[in-house]
Structure formats: structure tokens, C-alpha cells
Amino acid sequence: MHAKSLKSRLLGFAGGAALAVAALTGAHTSADAKSSLSLGMALEPPHLDATAGAAAAIDGVVYQNIFQGLTRIGPDGSVLPSLAKSWDVSDDGLTYRFHLQNGVVFHDGTPFSADDVKFSLDRARADDSVNAQKPLFDGISEVVVVDPQTVDIKLTSPSGNLAYNLAWGDAVIVSPKTAETNKTKPVGTGPFKFDRWMKGQEIRISRFDGYWGEQPQLDTASFRFISDPNAAFAAMISGDLDAFPVYSAPETIVQFEADPRFEVAIGTTEGETILAMNNTRGPLKNKLVRQAISHAINKQALIDGAMFGLGTPIGTHFAPHHPAYNDLTGLYPYDPAKAKELLAQAGYAEGFSATLKLPPPTYARRGGELIASDLKKVGIDLKIVPVEWAQWLSEVFKETNYDFTIVSHVEPMDIGIYARDKYYFNYSSDQFKTLIDELNVTVDEDKRTELLKQAQQSISEDAVNVYLFQLAKTGVWNANVKGLWHNAPTPANDLSQVYWTDN
Amino acid sequence: MNQELPSYPPPAKYDAISIWRKALRSRSFVIGAVLALFVLIAGVTSIFWTPYAIDVLDVSQRLQPMSSQYLFGTDQYGRDILSMLMAGARTSIIVALIAVGIGMLIGVPLGLLAAAQRGLLEEMVMRTNDLIFAFPSLLSAVLITSIFGPGTINAVIAIGIFNIPVFARVARGGALALSGREFLLAARLSGKSTFLITVEHVIPNIANLLIVQASIQLSLAILAEAGLSYLGLGTQPPMASWGRMLYEAQTMVAFAPQLALYPGFAIIFSVLGFNLLGDGLRDLLDPKMRRRVA
Amino acid sequence: MSAIFSARDLCVSINGKQILRDVDFDLERGKILGLVGESGSGKSMSALSAMQLLPEGASQSGELSFEGKNLTRASDPEMTHIRGKDISMVFQEPMTALNPIRTIGDQVAEGLRWHLRISRKEAWEQTIDVLERVGLGPEYGLMDRFPHQLSGGQRQRVVIAIAIACQPKVLIADEPTTALDVTVQAQILTLLKDIVKKEQMAMLLISHDLAVVAEMADTVAIMKDGVIVEDGPTGELFDNLSHPYSQKLFEASNHVPVPRQEPVDERAQPLLKVSNVLRQYPLSRASIFTRRQWHRAVQHVSFSVAPRQSLGLVGESGCGKSTLARTILGLTPPDGGSIQFLGKDPFAVSRNDRRDLQLGMQAVFQDPYGSFDPRHTVERTVSEPLHLMRSDLSREQRRKRVHEVLESVGLASADANKYPHEFSGGQRQRIAIARALVTNPSLIVADEPVSALDVSIRAQILDLFADLRDRLGMAYLFISHDLSVVQAITDRVIVMNAGRIVEEGPTGEVFSNPKHPYTRMLVSAVPDLNEALRKRRKKENKDTQ
Amino acid sequence: MLWFAFLRLIGLLTTLLAASLVIFVVLEVLPGDPAEVMLGLNAQPDTLAALRAELGLNAPVTTRYVSWILGMFQGDFGISYTYSVPVSELISERIQVSLPLAAGSLILSTLIAIPVGVYSARHHGKIIDTGIMSVAQIGIAVPNFWIAILLVYVFAIVLRILPSGGFPGWDVSVLGSLQALLLPVVALALPQASILARVMRSALLDVLHEDYIRTARAKGLSNKATLWRHGVRNALIPVLTILGLQFSFLIAGTVIIENLFYLPGLGRLIFQGITQRDLIVVRSSVMLLVALTIFVTFLVDIAYAAIDPRLRRRA
């Protein structure tokens, strides 16, 4: 009756479950490794239209894989031809003539022509455009279709940046037929076509057989989104992922370096990581206090502790690999005694308390703890407030309602932000503004370099922020995977040259 | 043979000495009390003293192995793990005690009120209870802490809210179970008000239930705090929390497994301690209660 | 006649504590052995021992022989073939003895299928027969119903059906009627007697009630502290009780307190006057479309109690007597009619007046265990009603008053500092009476005050009530289902049935000459020890002649 | 029985409505503007305004609440701010992970707990019982995320026989999906199984003290038959209560476990949604989980009445 069967049923279930477990564990093998690649990214893109969003994660998936522009940025940061095989500049510098590649088709089979270029650029610079980088197109007065393989771009004033600007992910060429649906079903001219997006998990792409250029070696690729460093580590070390080009758990790099299965690539980024200070808040108004804080922080210990040694100390808001870099790391050496002295001088011998708002990235959360510890030694009590990006944007960036925050400024050559009014540091210096104005009208390279160095010196001496380190790009991938970028001149995971070696 | 038949329950005794004697014979109680006391002492001590300060980081000392200098070694920032564990005990205990305290202080009167004033009020209290129960507790704690900001205080509130219906339910159930008892009728015949009867008779008689429930809730609250801190929504640095330690240790499992093991064991010990204490108390205070509650 | 089942030198101890010592008895086919004793005497353990269902930690010695087998040596698998098939048992609590989540048919059929290895269908048919044998014919449609849907009497019949399903040779009944009303008790006893006679079973009937045993049993054994102190054929045994304990037990069962000394003035201004009282409860509705149904617990009840008068209120469970008591005590207002105590309506007076009324009326409840807060000392418990006089009495005066009443109920003033669990059941009931007396009330409402007590203690408590009545001039409203108690202590009696008063009159008159058919049924259902013994003697004489 | 179910259903709907109100109000308080998050740092004010209008963020609170509720009745949960796809689509994708996860751990924990609990109760007081219950006691104390970390370390990193996380999708690989769920299910199930085993054991011991067990033994049923026919079934009633409560804990537990194993489940959707201020997603997902919990409670109540006939009469 019930009794016997209940018991036997239970036992049967248990036995069945045990068998199933055995079957599952036994059958786990890594997928066919030679023609597909699974690649980890920390952030999932909100959508896939590179021309309609600022998120770097969009470019990380689609740039040069699905979408292409007239020009492209190479692994070393140089501007290279792409859909345009070449271009000429008129003598007055106001007209650029682009000669387009032949035989290009979109993934939906539509042939590519100069009309698409005009459509894309006009759409991007239209008044109702939702392009996140509209200033890229500011100088363009008109786009003219000369013939299906030739297009002219007319400028209002000469600019040396057009070819670079058009290489941005925000300037890729889209087809008028699919422009509206690119967010969820991107259709471009690149070597890979979009397959499927499992939200919160991964995006799959596969080789586009009708590609105009050299066929990529990978058949398929998937981008998996793993924001948690712990999960990222587990996925890499267990071999679930083949590559993690921008890897966020620096403490584990040593393990990967020691493991012959993996290759570790440490490259540079444009990210200056700073302890930003609200220059109009309480004690922080006082330059002496800001300088004291700059002295109080042990930057090398911070790089060691938070980034496990991955990062270059900087003394100002400028990338060290740039030729105009001014090495000011000696300006505020770690010196707690000096810091205390300066604080006393400023009238804060007893120290003070303040808050430190930390956005989610590892460098901020970990650096925050170390900085709080350093500042405690000179009498400054920091209350750590972790915030999500949304909150950081509204509270710190927009409302400047903060004392301290840690953030990495990843835009290249962005020292100009110190000249902006009401930028979130609330820094205001007429001297600096004059410098930047002068810079903007200067074309001579040496003079520019000189001005840039002065600008760096100026903000450093004012100790606007504490300049901590240049973020390193730490990539980890299977030792047999070749062709991934080592540096990050632009956020991209160009898979067209990626291949597997046999051993 | 015949092991399923009842052994007659011993008559309930209420004098302190006999309870104490029985307590010392109860394995659950003794082990639980020792563990809980151990965690408690560690936490209280950390308020005045820890081997090293936990908010001063010394990166040069990071990931030291166990030694006479650092009894349990140091973590990735060069903090002494023993000090961190002690401070973590403080966090766990403070969060758990206050959260359970909130639950009791609000839940018990609500439950008693519901039991005393049957009808509309009772219906309202119980429906509100159902509503809170309908929110998976940790999920809502995640919501609350994300909205009002991560931190110890918000974690306490989030966990505390979910203790309210538990205690309301236990208090109401206990009071209703008593409601037919003749000594309550006798008290009413003595002209005592409902409030006075509740204070003099009901509360002392459901105290056992509440104490046992409290020890169970304490262990649940410790787990919840660890979970929230693991997600980064609970206790924030520089204050230590076991859940956070566990999170931070996770990527280093391969080369520094001790970092994940210690906080894990700390959580297990303290939760085990309070659970066993609860079990022990239940057996001690009322051998028949297990049936009533279940 | 040879015994089919006999115990020799049976000793049982649990965790080292001796429960049964050298117990001997014999059961014969078609005969009933009555085993009598007070609580804790070991009579239930004898039954469990006979079934070999002793609790954990029990050890036994001696012999239990059944059909040449010594059951104390039988293994459990062997016993599973005997239990239910050859030896069956009927338990005391018919509610808890049945599995609440399985149907009646299922539970009765289970034993049949287990022992007889028959098909489900056959078992089903036999189950119908068995239920018919215990008086639950197919017209009741019980096969698919659940225990909670049955009345207490029906449930006990089901339990009996389970026991006799396989036509066992020995039937053990442990207090089979204690939880039942008198009228139902009479039916169940008749049923058991019929079955024993018809199916020639040997029966061990365990009871605390001498009258029941005298009526049912052919032979009787009297047990005290695990020892059978005396046994023999029923009539003969009671005629020649030699052991002091047996005599005491017999005495207590027949005990009547001293009758009232001073007569009651029935024409005096009544102390309590209940007029036309109505109490009803809403029943949960079957659906929102049907009208709400009301259960009328008390319907238009009127009576009065004169000063110093002792009024009995009798009725079976569910007749509304406890509901009425609560209304009188002022715990729940009536839905109709009125109550006047000391000339005032307690539900319509000011707070101060109400306090005076509460001082004048106190209560004694049934359960000597449940009526005290286990955490309060006797002093705190007894002084609780003095809360009503909190502004008038000092702490010292209160303590004095508590000592006084404790002494007047036969306890020592030193007992004030003890806790309730340190007292026996009878002592606890004295504490309860002391608590009722502490405000010096003029009326005590006693709701089943002695029904949870053993006979010998019951006699003492009844004496105490009688003594207080004469000494302090107390009036009583005595509520009980036990007619003998009411008969012993009251002047007048009211009989309630289904919420109504069916008969009222002087106690002696109502019992000797009941007018209402219900009262008549009630009176005739009460087992009468002397009457039973008289019949028994006659029969035994006839047998021996 | 039907009437009973109907009354419970009414109560259920009321609770659901109240829960929706709570969720809505709480999320209104959440700081951070979804439009800003969507457009990022360099958003132009006019683009922002246009987007806010498009998202319907400018409508009055009551209008938004009512349209949310009405929308849900039509299966329209709105469009995700971050993903720009219908929320219902997101949820239905995610539930394919969360539901098997929760149900799997519920089933696994029951399958472990009931036999273990019964076994322990049968050997009540013996060393094996003490041993099992000590293990269970420790099992309750172990946080599921700690178990998960150890499981990942052992099975994914050292042995490499199971994935450390991720989820390939049922339509891509059923086997792969099952593999992906195995460790999370085990991590969630073990503490639950410990609790259930203890409840099963004590419920069974309680039932075994009931009078009807003695009746069954007196019928002649063997110990074992009594245990299974009268013990286990009756003991399932309290076990069922705990099972219902556990479901709520399981759902909550999936938030951590899904994060740890980066499974694309509802819990992580909510967690992500909160950080990205994708409130429209959070709102409906939380509502769904709450509804699921309430529904399970309802099922437990109904199952109660099915098992225990005494409850059928009462509403």
C-alpha cells in the first residue's frame, strides 16, 4: 500500500539522483577548443548599438567584430584603414575624400555603399541623435556621396583628428535597414555576425562567411559577463573561459603567471586612478590639507596592497606612456610626519573626519580601505560608503555631494576637465584655464608638450586630487590563444586575428 | 525492543537549581553555551583589545603564515587575522543581538496584542505578518540595504524586520495555547486587567518559548549578516565581518586557503553554538514544548 | 475452568523503578476480570505488559502464559502474530487512539489484512461486518469518514471494532469508558459485555471506578503500588474485604459527606438570580451565500441560588453547563436575559460595584494542574484575588489572610512558600479552594471540582466542601457530570440537556423520582456500586448452588 | 475543500496586492536616475529629458503604479531600461535557471532529508542517531556560500570535472545546463537537508509518541510497518510546514548562489537590476518571487488539507 511504495519510491529517487550525479560529473569535458573562444568581460553591455551608448562594454563586444568604421584603431593605438581603404585630404584641409572597400556586404546580405556612410554619419550628428559622443562629429559640415565607392566629408575648419575620430566605436557604419534594431540584433559589416544574447550570461557571435576581408580563424566566440572577481577567477582557473582580456582580480595574477596553461599580459590603459577630493568642502578647501593628504598616502603600498603590484605610480593626471608626461611622482613622497605638520599648519592638528564614497570597481573598494588606514595614521577619520555606479553618478559626479572618492579616469588626454567649471572636483583656477585655452589654439607639437607639462605641474602643485597610479590592463588567457590585444588603446576585443596554436 | 513507545516525560520543574543540574548534564546545552560564550567573549574583548589594530593596514606584512607573532597569520592587507576574527565576532553578535532585539521588542507585544484582542486587530497583525513572510528574507534584506545604503545599521534593520513576524507568531501562539488555562480565568476573576494578566502570567509562561526562539533567531541573524556582508551589503570596512572576509578570501583559496577557512569556521562555530544552545534550552525548559511548537 | 491467559510473579520496572511486583492473575474464556486501583497503581502497566508493549527502558520478569507460550520471552516478530489476532486491546482515549488522517474503514481493515493476508476487497467486506458488530451499521456510513467526524461514543466503538476484528481470544480494556459521558458509558459497557459473552473472549477490564467493575467483572483484583492486594469473585470479595486499602477504597466510593446541619431559608432574597439567559456562538459559514448559523449553547435558562444553598448543575458534555458557569462568573456577557448577584447585574454596574460582586463570588476549577501558574508560589496564587482589595490590605494583612485560608482548607501556613508542583492532586485542589475562599465570598462556583481526582481524595475534598458549607456558610453552584458527586453535596439540582434546563428540584427528589425522560436515562445510566453488588451476589449464589 | 481553497485564494490575492504596493513604494525611494545610468557620464541634458519621457518616468506615481499592475495582468511587465527588451522576456529567460535551481535543491534536500530523518528516528538514542544529528547540526550552521566556495574549489578548480559557474542554456546543451546547476543545487540543498532531516526526525519521534501508534502496534503491526504506515505519513504534516518555509529561504539563497556561480537567474537579475537602477526589472522580478513564495505557501496549505482531513472543514 502507501507505506511500502512511499519508501521504495524514495529509495528509487535517491538512487536515481546518485546515478544522475555520476553521469553529470563524468561527462564534463571542455568544449571543442580549436575554433571557438569564450571570453570573459566584467560588464555586460546594456545593448549592442555602438552608435547609441557610451558603455565601453558595447564596444568590447561589437567593435571590429560586428561593426566597422571607415577607419579603425590598431592594437598599438594607431589609426588604420578599415571600410575606407584610403583617404585624401584637400589642400585647404576642409574636405576628406574616402575611398571605400569593394564587395562589402552587411550581415543581412545588403551591399554596403557610400550611401550607408552618409546615412550613418548624418544620423550620428543629427539634432535628435542619441550618439554618446556627438562632439566627435562637431567639425563635420556635410557628407557628400560622390559615387558608390567614394564619399566626401566636408569640415567647417581644418582638423587633424578626423581619421582618429571616425575610428571610434561611436562612428561605425550601420545599414539604414537595420539601424533601429541594432540594439538587440546588431547587423554590421564585420568578420563576425551576431548569433544570440542570453541576457545576464553571454553573447555569442560566429564567423560571417560573406566577410569582405581576410576570414577570421575562429568559427564562433562567446562573450561571458562575469563582474564578480571571484567568479572570474574561478572561471579562468578552471578553464571554463579561454580569455579574460581585462581581468579584475590582480591578486590572482601570480597564480596564472606560475601556471603554464595561461598567458598573462600586462599592458597599459588610459586610466588615471585618483583619490578625488571635493575642493570646496570643509578642510579640503585648504591647499595645505590636500597636500598633507597627498603626503599621507603610501602610493606604492597602495599599488601593492590593492592591485598586487599592478599599476604605475603617477604624480599627476596624465598617462605615463604619453610623450608629454611630466614625472611628478617625487612631489609628494610618502611622509606622514610632513603630512601631520601640514595639517597642523592648516589648523587641523587634531585631524578631522570625512566620508569616502567608493564606486564598485576593485581598485576603488580595495584602495579605499588602504587609504582610510593611511589617513587614520595622520588623524583623518574616513567613513567608507560604498555606492553603486548609479548612485556615484548622481551623488558624486552630478551633485558633488562627497568629500573623497576614488575613481579611474579612463578617457585619453582628459586633463582639460580641470578647466571645466563645476566639474565634480569643484576645482577652479584661472591660471589653469588660461593654460588650457592657450593649448587649444596651439598647433606646434613642442609648444603643446610644454603647455601640457605646465598644466600637469599646475594641478599637482595645487594638489587638486591625490594621483595614485595608472591602471594596468591585466589580461589572462589560455597560453594557446594568440592574437589578443595586450594594451587597451580603445575598449575593444578584436577577435579577427585571434587563433589557437596546436599545443 | 519497543523503542517507539513513549518514555514518560519527567514532571516539569521550575526551580533554578534543578534546571542548572539538568543543564550541566545536557550535551547540547553545554557545548552550545561554551561555543556561544566563546564567541561572545571574543567579541566583547575586541571592543577593548585586539592583538593588532584592524583599521591600520601594513601591506609589507601581508599574507604572513601562522607564527608566534601572528597566531593565525595575516591577510592580503597585512592585517592580523586573529584580530579580524575577534572584531568579526563583535559585528556578528552586535548585529544579531540588535536584530533579534528589534524582532522581540516589536514582535512580542504585537503577538500578545493579537492574542488578547481577537478580531480585527488580530487579523491585521497576522496579515501583516503574512506579508512580511511572503518576502524571501535575504532577498528583501538585499533590497533594503541597496536602497538605504550598505552598512551595519541598515543590515541590522533589514534583518530585524524579518524577526518581527517570527516573534509575533511565537508570542501569539504561546499566548493562545495558554488562553484556555484555568489560572488565567482565576486571574480574571481576581479583577486583573488583560494587561496585568499578560505581564504577570502570560509573559513569564511564554518566556521559555521566546528564549528558545531567540537563540534560533540569533543564529539565523548571524548567517544573514554573513550573507549580506558576503554580497558587500553588510558591514563595511574598516569594521571586520566574517562574511566579508570570506568574500575577499575567495580568489586566494588556491594559495591562501586559511583566509577562507577561518571565517567559515568562525561562522559555523557561532551558529552551531547558538543552535545547540537553543536545542539545549528547549529540552531543559520544557520537554513537551517541542511538540507544541512543531 | 482453566485460564487461557495468566500472569505469574510478573514484575516490571522502568529505568530501575519497580512498577509491578509479583502480579498474578488469570483470564478465562467468557469471563471478565476487573482490575481496580487508583492512579499510579500500575494497572495500565499491567495491560501494556500483557500486550508486551512496554515503554522504553522497561525490564520484566515472571511469566505471562498464553496458549502455552511465555510472552515475556517472545520476540517482537512473534508478538506481532499474537497482538491484534489473539490478544487485543481497547484504549482509554478514543480520540487519540485513532490515526486522525486515515479513514475509519482503513484503520479497521488494516489489522484484518495484516493478520489474515486477505485482499483489500475481502477486508473491506469484513470491516463492514465488524463495524456492524459494534453497533455501527452501514447506515452510519463510517467507512470513508475520519475520526474527527465521529462522536466520542462512535469513536470508542471503532476502537473496539479494531480490537475485535480478528476475533481475539483475549481482550484487554484499559479504562474504556473513563473519557465518556455516563449514558454513552452505559452503552459501551453493555456492548463489551455482550461481545465477551457472545464471542467467548477472556477480558481484562481496567478501571478506577468500583461501580463499573462491580457491574461488569466476574472476578476483581484490587491493585495498589504495583501489587495486587486482594482478589476474588466480585460479590464475595466485596463482602469480605480484608486489606485496609481495599476497605478504604470501598469506603471512599460510597462516601457521603455529613449532611447539612442548618436548613437553608429558600425564601430569603436570592444570592444569585439567573433569568432567561441566552448564550450563542456563530458557526463558521459553509459559504458566503448561506446564512450564518448560530450554535445556542445556553437557551433561556433561569434559576436562583439562595444564601448558603448548595445548588447542583448536572448534564453531559456539551450541554452548556460550562458556558453558563462562565457567564455567571462574569467572564462573558450573556446574549440575552440577565444575571443578578447580590441584587445587581455584574455587567451593568460601575467598576467599584463590580469589584464588590467579584469579591462575593469566586470559582474552583476542574484541573488541579492547569489552574495554577506554575511559576507562582502558593502564596502568590492564593492571594491573587486579593488584588480586588489591593487598596484596603497591607502586605502583612494579605499574608495573614493567606495563612488563614490555607489552614482552613487543611494545609499548613508554611506551604505558602512552595510551588504548586510540590503538591499532590488533592492538595492542589485544596489550594484552589483556598484561593476561592481568600476574599471571603458568599458564593463559590465549582466547575467539576473533583472529577479529576482519585476516589479517596475525592471523598476528602467533598468533606472539605461540606465542612466549609457548614463552618463558613458558603453557597455553592456545583457543576458536574458526575451524578454521585452532585447527589452527595447539593440541596437542589438542575438537570441540563442541550442548553436547556429539563428538570429542577430538591436533590433527593430528583434522583429518587426523576420526572423528565432524560433525567431518568441519566440516573439509570449511572453505575451504582451497591446495586451492582447486590445483583452480583445473587448471581454468584445461584452459581454455587 | 473547495470552499477552503477559495477562501485561501482570496487571502492570497490580498497579500499579493499589498506586496505589490510595498515593492513599488520601496523602489520609488531608491536613489539614482535610471535614465542617467543608461546614458552614462557624458549624457546631454536634452537626451536625458527625452529618454526620461520615453521611459514614462515623468508620469505621476499613482499612474505608474496602476499601469504597472494593469500591465502585469496582461503579461506586460514593461521594457527593461538597461536591456531595452521586454521585462517579461528577461524574466522568462531567467526563470529557466532559477526555478530548476530552487526546485532542484528542494527535491534534493527532501530526498536526502526524509530517509535520513526516518533512519535517525528509528535508531533514536543510538550512536548512529547522535552521529547523524551532529552532522545535521553542523550542516545547518554552514553558510551555503561557504559550501559553494569549497565545492567550486574541489570540483572545478582542482578536479575540473564540473564547471565553476555559468549556464549554457537548455536549448544549447541540456547536459551542460544540468552540469552547471549541479554544484549550486548541492550548495543550496545541503543546509536545507540538514534542517529538514532534523524536523523529519523530531516530527516522527513526536508522532511515535501518539496513542494511535500504540493502537497500530496493538493491532499487531510490526515496528517497521507502524513506522511507515502511521508514523511517516503523519509526520509529514510538520515537515510540510517547514518545507514551505524553506522555499522562501531557498529563493533568498539563490541570490547569493547565483552571484557566486554567475548563473543568469532571477536573483542575479534583481541584484544587477538594483545596481543598474533598472527598477522596472527589479520591481517585476521581486513581485514574481514574492508571488511564487505566496503561491507555495498556498500550495502547502492546500496540501495540508489534503493530508490532514481535520483541516478541511475550517476556513
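Labels for the chains are A, B, C and D, by order of writing; each one numbers its residues from 1.
Keep in mind that, in the parts below, a contact is a pair of C-beta atoms (placed from the backbone, for glycine too) under 8 Å apart; a residue touches a chain by one contact, two chains touch by 3 or more.
Remember, it's a predicted structure, so these values are computed and weren't measured experimentally.
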item	value
Farthest chain (mean CA position) relative to chain D	C
Distance from chain C to chain A - Cα centre to Cα centre, in angstrom	85
Whole-Å gap between the CA centroids of chain C and chain D	50
Length of the line joining the C-alpha centres of chain A and chain B, rounded to whole Å	44
Shared interface positions of chain A, touching two or more other chains	230, 237, 388
For chain B, residues that touch 2 or more chains besides their own	2-3, 5-6, 146, 250, 254
Multi-chain contact sites of chain D, meaning residues that touch two or more partners	31, 157, 214, 217, 223, 225, 229, 233, 259, 274-275
Pairs of chains, among all present, that meet the touch criterion	A-B, A-D, B-C, B-D, C-D
For the chain D and chain C complex, residues of the former touching the latter	3, 210-212, 214-223, 225, 229-230, 233-234, 237, 307-310, 313-315
Parts of chain A lying in touch with chain B, wherever the complex brings them together	229-230, 233, 237, 249, 251-252, 254-255, 298, 301-302, 304-305, 365, 368-370, 372-374, 376-377, 384-388
Residues of chain D touching chain B in the complex	11, 14-15, 18-19, 22, 26-27, 29-31, 124-125, 137-138, 140-143, 145-146, 149, 153, 157, 199, 202-203, 206, 208-209, 213-214, 217, 223, 226-227, 231, 238, 248-249, 251-253, 255-256, 259, 267, 270-271, 274-275, 282, 286, 289-290, 293-294, 297
Residue ranges of chain B in contact with chain A within the complex	55-57, 59-60, 62, 76-78, 146, 149-151, 232, 236-238, 247, 250-252, 254-255
Residues of chain B that touch chain D when the two form their complex	2-6, 127, 130-131, 133-140, 142-144, 146-147, 219, 223, 226-227, 230-231, 243, 246, 250, 253-254, 257, 260, 264, 267-269, 271-272, 275-276, 279, 290-291, 294
